[in-house]
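Data block below; observations after.
Chains: A, B and C, in written order; residue numbering restarts at 1 for each.
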Amino acid sequence: MKKWLSFKRQQPEYRVKLDVFEGPLDLLLYLIEQAEIDIYDIPIAYITEEYLAYLRNVELDDFHQAGNFLIMASTLMQIKARMLLPAPPRLEEETGEEEDDPRWELVEKLLEYRKIKKAAALLGEYEEKWSRFYSRSGGAFPDRECETPADPVGDLTLWDLVQAFKSLLESLTPRFEVEGMPQEEPSVQEMMEKILSRLGQKSPLPFSALFAELTSRKMMVTSFLAVLELIIRQKIKVRQDVLFGEIEIFRAEEGHRETG
Amino acid sequence: MRLGKIKGIIEALIFASSEPVSLREIAEILKIHEATAGELVEELKEEYEKNRRGIQIVQVAGGYHFVTNPDYAEFVRKMKKVPRQAPLSQAALETLAVIAYKQPVTRAEIEALRGVKVESSLNTLLERGLIEEKGRKEGPGRPILYVTSSYFLRHFGLNDLNELPKVEDPADNLSTEVIINAE
Amino acid sequence: MRLGKIKGIIEALIFASSEPVSLREIAEILKIHEATAGELVEELKEEYEKNRRGIQIVQVAGGYHFVTNPDYAEFVRKMKKVPRQAPLSQAALETLAVIAYKQPVTRAEIEALRGVKVESSLNTLLERGLIEEKGRKEGPGRPILYVTSSYFLRHFGLNDLNELPKVEDPADNLSTEVIINAE
């Protein structure tokens, strides 16, 4: 996949846009293909490192998107931890061996996603090819009783409307470009402490609350990296009860109390 | 470029456009003279006519477009997926007629002629793109003036307003010419 | 009826319809056998192709439809009054792929497969008429089910869903069929 931007973890100043990838599965697939890894036997520790390294070098445009990537980071850390544990005792009638591999659920998702990506690429080719065939978009019939096709002017207006609606929506998404006045900006380390102390007061905390008061892109990146570092150091965990529901952050010890 | 290819491209242009295509646009796209474009379009038009094809090229509202051959209209009418619009109501048709023959005309003038309020039929006609506003009349209140659109010409298969059928009203001593020039 | 006239009528029918015309509809309107209709349409199709005309008949979305000759696309693109649409984004294509292969499918199911939110790409696809809502899934919340539209087939030049590209992955023991019949 050479058309994608490559990244170098050795150069932290080299930033890659997160939206190059369609989501965490896309990024993982890229890393797996890049390293020519067998998808059925993913070295989870290695790929987790690669994944986290990538996130440290990433540029953020979309905060919701960022949440999806953090959830995957957390999942990878959990799989890594489970791989280190001895397999739990299980009953005979339980299903096949594959089920025991903590990686299996992720592998299935990746395989399915890989097919979707391939199908999307093929559909894109079809679309490109077929865009050279133009259909009739207007014209009238001289026979009055069997009257006219839809007003072509109306068609144009609809398209304009859609465009206008889209740009309206775009203008509504928050922009983190209020730059100019030099602000006092905390470091990743300071931000990590800040997050932990907030979690001391209230836990769990919605992920969005961490980003609510941020005004600059730089602050957003700092917060994102702070959350990532806390996940890696297993100080916090992230959780999402409903798919694409609110992401919550809580202290790792509480998580143990809850689940264990 | 081969002549056949040029004619093919002209065919594609006329077919794909949502509005009748002017000779000027064809000439610009193909980088040929407008007169040459005119000759080629006429040749194409004749070929379709001569061979009694199912589709024909017609000239309306200052441009060319494809229509189905009117001889086959009874079959086309049997189709399910021909986009249809509800026919214009009698009221809307009358209002349209007044505008067509008396343009530019104000709402009060139409109402005076038809003897009823015309607001709703004006809206219908505006919505369907058959008429449009064109400036304001000098005088008290500076009322809006209405004219027919180029879509009106296409809708009724006319090249220009002079092709409007002449209306002779025996009970009325105003000739069509007088009506047309009423403003 | 002369053969030439029948072919002319078929031409008119294919041109007039806003959607691809099925052989069945042609046969019914002309009161001929579907097989005969098929032969005549194929003859017409070949005539247009052989003569490299500006327009061609293609078989798409289960019927026949006039489109411009793709060889002339660069000229058609230069026209003012041709509706233009940007190609679909990667995100929209992925969402559409999931719907195409797994239909009918809910938003949550698409999101689970793609690993991201799909609300905005669903809206794009609905706006462009490529997908439509089709009932609700039984169960908690009764979520809306999405399917591809017949315009989807036209947009990608497919005759039916069986012509969707096969996604065979040699390193993968799940076949495409499993995806298609997943529901």
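Quick note on the criterion: a contact is a pair of C-beta atoms (placed from the backbone, for glycine too) under 8 Å apart; a residue touches a chain by one contact, two chains touch by 3 or more.
Nothing here was measured: the structure is a model prediction, and the numbers come from that model.
Participant: Return the chain label for which the distance between chain Cα mean and whole-protein Cα mean is smallest.
Facilitator: Central by C-alpha mean position: chain C.
Participant: Looking at contacts between chains, which pair has the highest count of C-beta pairs?
Facilitator: A-C
Participant: Where the centres are mean C-alpha positions, what is the separation of chain A from chain B, in Å?
Facilitator: 53
Participant: Just how far, in Å, is the C-alpha centre of chain C from the one of chain B?
Facilitator: Using C-alpha averages as centres, the distance is 33 Å.
Participant: Which positions in chain C touch two or more other chains at once?
Facilitator: Residue numbers touching two or more other chains: 15-16, 18, 66, 68, 76, 81-83.
Participant: If a residue has to touch 2 or more other chains to count, which residues of chain A qualify?
Facilitator: Each of 134-138, 141, 149-150, 152, 155-156 in chain A touches at least two other chains.
Participant: Going by the contact rule at the top, pick out the chain C residues touching chain A in the complex.
Facilitator: 15-16, 18, 58, 65-68, 70, 73, 76, 81-83, 85, 87-88, 90-91, 93-94, 96-98, 100-101, 108, 111-117, 120, 127, 154-158, 164-165, 167, 169, 171-172, 174, 176, 179
Participant: Under the touch definition given earlier, write down the residues of chain A that touch chain C in their complex.
Facilitator: 22-26, 39, 64-65, 68, 72, 109, 111-124, 126-138, 141, 149-150, 152, 155-156, 159, 162, 169, 243-244
Participant: List the residues on chain B that touch chain A in their complex, please.
Facilitator: Against chain A, chain B makes touches at 12, 15-19, 58, 60, 65-68, 70, 73, 76-77, 82-85, 87, 128-129, 151, 154-155, 157.
Participant: Please output the residues of chain B touching chain C within their complex, sorted ascending.
Facilitator: Chain B residues touching chain C: 4-5, 7-19, 21, 25, 29-30, 51-55, 66, 68-69, 72, 75-76, 78-83.
Participant: Considering only the defined contacts, which chain A positions touch chain B in the complex?
Facilitator: It is residues 134-143, 145-156 of chain A that touch chain B.
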